[in-house]
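I've put the structures underneath this note.
Presented sequentially are two complexes of chain A, the first with chain B as partner and the second with chain C.
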Partner chain A sequence: MPKSRRFFNAPRRRSKHELLLPALFIAPALLVLLALSIYPLIYSITISLQQETASGVKWGLGNFARLVSDNFFLTAMAHTFVYAAAALTCEFLLGLGLALLLNKQIRGRGLFRASLLVPMMLPTVVVGVVWRLMLNPNFGALNGTLKQFGINTESLTWTASPRLAMLSVIAVDVWQWTPFVFLVLLAGLQAIPQEPYEAALIDGSSRWQTFWHVTLPLLKPSILIVLLLRTMDLLRVFDQIFILTEGGPGFATETISLYIYRTAFRFFDFGYAAAMSFVLLALTNVISAIYIRFLQAKEAA
Partner chain B sequence: MRLTLFLTLLLLLTASCTNQQSSGKQLTLAVVSGVEGDALKQAARDYESQTGTHINIAEFPYTNLFEKELIDLKARTGAYDLIMLDDPWFPRFASEQFLTELTPLLERRGQSGPDSDFVATSVALCRHPYQTGPLYALPYVGNSQLFFYRKDLFEKHSLKEPATWQDVLTAARTIQEKENGIYGYVMRAAQGNAAVADFMPIFWAFGGEMFDASGKPSVNSPEGIAALEFMLQLGKYSPPGYASFNADEVGAHLLQGTAAMSINWPAWISSFADATKSKVTGKMEFSTLPAAQRPGQAEIGNWLIAIPRDSQNADAAMDFLLWATSAEQMKRSAERGNPPTRQSLFRDAELVAKYPAYPAQLRSLESSRPRPRTPYWNEIENAFGIFLSKANSGELSPTEAMNQANAEIEKILQRTQATQ
Partner chain C sequence: MIKNLRYVLLLPALVFALAPVYWMLTISLKTEVDQFASPPPWFVFTPTLQHYYDAFVTRAFGQYLITSAVVAVTSTACALVIGTAAAYGLARFQLPWRLNRRLSLWILSTRMFPAIVTAVPLFLMMRDVRLLNTRASLIIVYTAFNLPFVVWMMHGFFADLPRDLEEAALVDGDSRLGALVRVVLPLVAPGLAATAVFCLIVSWNEFLFALVLTQTDAAMTLPVGIAGRVTQYEIKWGVMSAAASVAIVPILVFALALQKYLVRGLSLGAVKG
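Right, the complex of A and B next:
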């Protein structure tokens, strides 16, 4: 029976195609990834190991050794962590509170939810420019409003005093990104089924106990996602600060991304900039790993 | 039939001729976007129609231009035949031997050196080492700082013209006390270029030098610290928040009439004549910079044009460069809003009628000083600017700021010397 034999042989002949065809489908994506991610990554590793000298390129860990004694780098790193920790704490607490509030049946819930999302929808550059104008000590809306209430705004130079400048840039970040935290946590809350709450009610647990023992553990996956995403974003913050203060006054709001940018594109020291980028990458990875360990371990327990 | 053949041949011949002409001469020019680059772009168009040389123009915003040029020159692509460059970039480009030496090209044209009509301080910028070395560029736009002050307020309060920084301080105090809603002075002390540009004229007048005779940084000399202390005194009469001001905020205060004095660049002058932008039309006076222990000196900021070393058309590029910087063409550039670099044009009756500040601009330019000539100026200016801004925002005392700035500059020099 030639026909059936052919039929039985068919799968073996097709198996080659079965390997080739998917490979062909994947190839373009793989090539793009190779060209746009893998190659630049390897290239940046090689330039981070190069120091330019008049007599040619010197290979070694010189760029990394320089980090330790570079006050600007260390200060920028410290600023980045202060900024990230403060903004993350505020955004998380505010976002969680708002999500809990607007998860309840209250009047005008839809309107509140929609209007809360506006800041997040704006491009960061626009946010930066708008806030820069609002915070202007002489013509800005904020000081203008405070003056109406009879407050002396002479010393409230928001982006020009070293103490207030950091506070200002953090506040702008909180204004813009709390809605994102709120949105993710609200989605998480709505995915929690009713049964555990009913069980808690029957057991007679207080509202606080219900929150602590039911809501929070069940919300943990959403919390993990939101903390991870925000931390990564905060550690590499660039655009708002660049527009609001450009790292100033002095060095007061210079974060590591700004300093990397300056080193690469103003001083043209790509090797050193690449070395700093790798340190930032390593730190971001370590922090992410800690989150995942911490939150997943608790979930398992 | 014959006629058709003849016509076809003729057509082919003319076609090949024009083809040869346009493919034979082609130049690529990198310009900055804005008024300085626009004038050169228009000049390139004129040149094209006059000579048939095709000129491609690559236009970039200020910071990108530096990146593009440096990347291109480093990679030796030969993409550009002519580049516009801001004078602080010149030491870097020249010290890495990116540029074509112009004297041989001049000699081939029967000239022994650059035209003596060019302002000496402008030509000095085009030589590496500064003032004494071989010529690698020609100056195109002759900016230097000026002192802006409200003549009407000075007359009203019978104040002495601001010849010294002490006069400036007195006038600032008087105006702020007697006028409502007008700050005596406005400066910009945002970290980086802004703070350094506004400080250097004070620093120099007080006798400060960024580097001593042996090339070591010396910003924390007693003179340097005194200059910074003076800047802070003047800052008391500047609008609050000036430690984060850039050129825009300074311009806004002056145009709105809410500040009486400032150091500024000539590019702002035309705005004061424009009643749609300015509330103080006809009230602003422009002069050279005030003196202290030493005569007042402005910071020079010229746009230069150079021919990259790897240009394949250096000779044709030189023809264009000489044409564009000729007195006749530079006058057109001046009419388009760019201060010239030729003395004859600063004294040209037509131009002076159009730009009454030209005599003051020439005096300022002739007595101006360049920013320290070092290939690492960008890094040094950044570090210095950070500490100046810190002092102005009250984070550091003048002595501390200057000591730390000095240490940082020293570190940059040591590192760059070690890798050289």
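Right, the complex of A and C next:
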């Protein structure tokens, strides 16, 4: 993204007319966002402060107090963190590996690159369908193929198994989003100039030393950005899990977004759902602030 | 040696990325007998288009498809008009109180809300104004959703553009608006097209808002229609795969057109919300 430059000439004397024109350009966008992003947040705050009781609506922090003692909420939070941490680690390591492999001019590189990007372009609902078909214990391609290799698939019921369901939904996320990490890191690698590498070569550094002391530090901004974007998406994950398991079996794969959805649209407890959604919002804000601080520290250094 | 090692590592990644999608395509083309066959027939089966017929003619998937297309195109058009105007205003006019930077950052920050956070109040708001189960509700929500992205993409393209050209037009007696339409917009047309395609993909793929706001056959989009079939008790795998396969087609066409802009767009959170 280009840094915000000064686009305009030295400030001139502004007439009324000159402020009216930009206002006309910008106002519609601001109005739309006020009505559909900011107003909903305010609306959400007001309903989070209301509890339906037998004697009518009660105002207060009751919904927020409930959070602390709600085991379902705490479990959903724990699931969300496990899901995000595991998927982020795998996606980063695999994506970095693929980016390094494809950073050299090799035959068929364009084909590899284009094909690897397919999973991330798919609608998440389609990803859910694809993996329902792959992982189905009875006729899924995965178990069918494993069987051909003589592996006993009796206990491998994937998304239907309380033990393997979480692993399955994480694997599906890794399948879909490793390409994104790969793409951003590959772009980062290709933006690194040649000189540091030539210097390392002259110094007689090993491949490993070059990677550790030259490539990684220069790639750091790309790494931080991609980790930030993935973390935000992982914490709010909904679509794939909804299609694959609906949070089940039991509660095994219920993440915070699914629990909020269930609270609002199955139990119609909108106030409590709103309260939980603010916890999610605060969480993503804090984490993105930490990442951004790291990013700015890097830029200053 | 090293070179061959690269291929040894890359080929499994390629198979892993593509095989599941290929498997779904085969399911959409297989008879029920072949779908449940063991061992799974990856390559040899008798193809049939029956499931596509069932999905799009017998069932309502044709209607979902039309809704998806109408919603994606209309919301993209709205977001482009409103967003491009704002981007131009922010990029080309010096506002007081450092508003240029502040407004830009504020606009982008609205994009960072987790979808579920706004989904709950938007559902209630749409219920209050009786817009639940209408295409209009989705068009409105997707326009707002895509807007920050359009502003940021187009802001970048306008900023990259030398100002001499439009100033020449201004000197020649063109109005601001005239200069914008006749000089600036044609120059950023490729960027505008790329931005449009990103918005189309986002709207086409979007699931959570559509799930929350539309539950009737007349108003639901393709993803919601597919999801409804998945979570039913008896699942028609062929029909579902056929619908999902059709849902992929426009995305793949768009993605090919976008190669050049992919990193820039994705870094701003295109493709998914």
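Methods note: the second predicted complex is superposed on the first by the 279 of 301 C-alpha atoms of A that agree within 3 Å, B and C clash if a C-alpha of one lies under 4 Å from a C-alpha of the other, contacts with A are read in each partner's own complex, and residues count from 1 in each chain.
Note that in this section contacts are C-beta pairs under 8 Å (C-beta built on N, C-alpha and C of every residue); 3 or more make two chains touch, one makes a residue touch a chain.
As the structure is a prediction and not an experimental result, all values here were calculated from the model.
Contact with neither chain B nor chain C is seen for A:295 once the two complexes are overlaid on the shared chain. Of the two partner chains, neither chain B nor chain C is touched by A:218.
Counting the residues of chain A touched by each of chain B and chain C gives the higher count for C. Of the two partner chains, neither chain B nor chain C is touched by A:146. Of the two partner chains placed around the shared chain by superposition, chain C is the only one that A:117 touches, whereas chain B remains out of contact. Shared-chain residue A:138: touches chain B and chain C both. Applying the stated contact rule after C-alpha superposition, one finds that A:192 touches neither chain B nor chain C.
Of the two partner chains, chain B and chain C are each touched by A:265.
In the superposed model, A:246 makes contact with both chain B and chain C. Look at A:167: by the touch rule set out above, it reaches neither chain B nor chain C. The contact surfaces that chain B and chain C form on chain A in the two complexes overlap at residues 138, 246, 265. Residue ranges on chain C touching chain A, taken from their complex, read 3, 6-7, 9-10, 13-14, 16-21, 23-24, 27, 35-40, 42, 82-83, 85-86, 88-96, 100-101, 103-104, 107, 110, 112-125, 140-141, 143-144, 147-148, 151-152, 156, 158-160, 163, 176, 201, 204-205, 207-208, 211-212, 222-223, 226-227, 230-231, 237, 240-241, 244, 247-248, 251-252, 255-256, 259, 262-264, 266-269, 271-272. Those residues of chain A that touch chain B in the shared complex are 51-54, 58, 66, 71-72, 136-138, 154-155, 157-162, 165, 245-252, 262, 265-268. By the touch criterion given at the top, residues 63, 67, 70, 189-192, 239-245, 258, 376, 378-379, 382-383, 386-387, 389-390, 392-396, 408, 415, 419-420 of chain B touch chain A in their complex.
Those residues of chain A lying in contact with chain C across their complex are 1-2, 4-8, 11, 14, 18-19, 21-26, 28-30, 32-33, 35-41, 43-44, 47, 97-98, 101-102, 104, 106, 112, 114-126, 128-134, 138-141, 144-145, 147-148, 175, 179-180, 183-184, 187, 225, 229, 232-233, 235-236, 238-239, 242-243, 246, 257, 260-261, 264-265, 270, 273-274, 277-278, 280-281, 284-285, 288.
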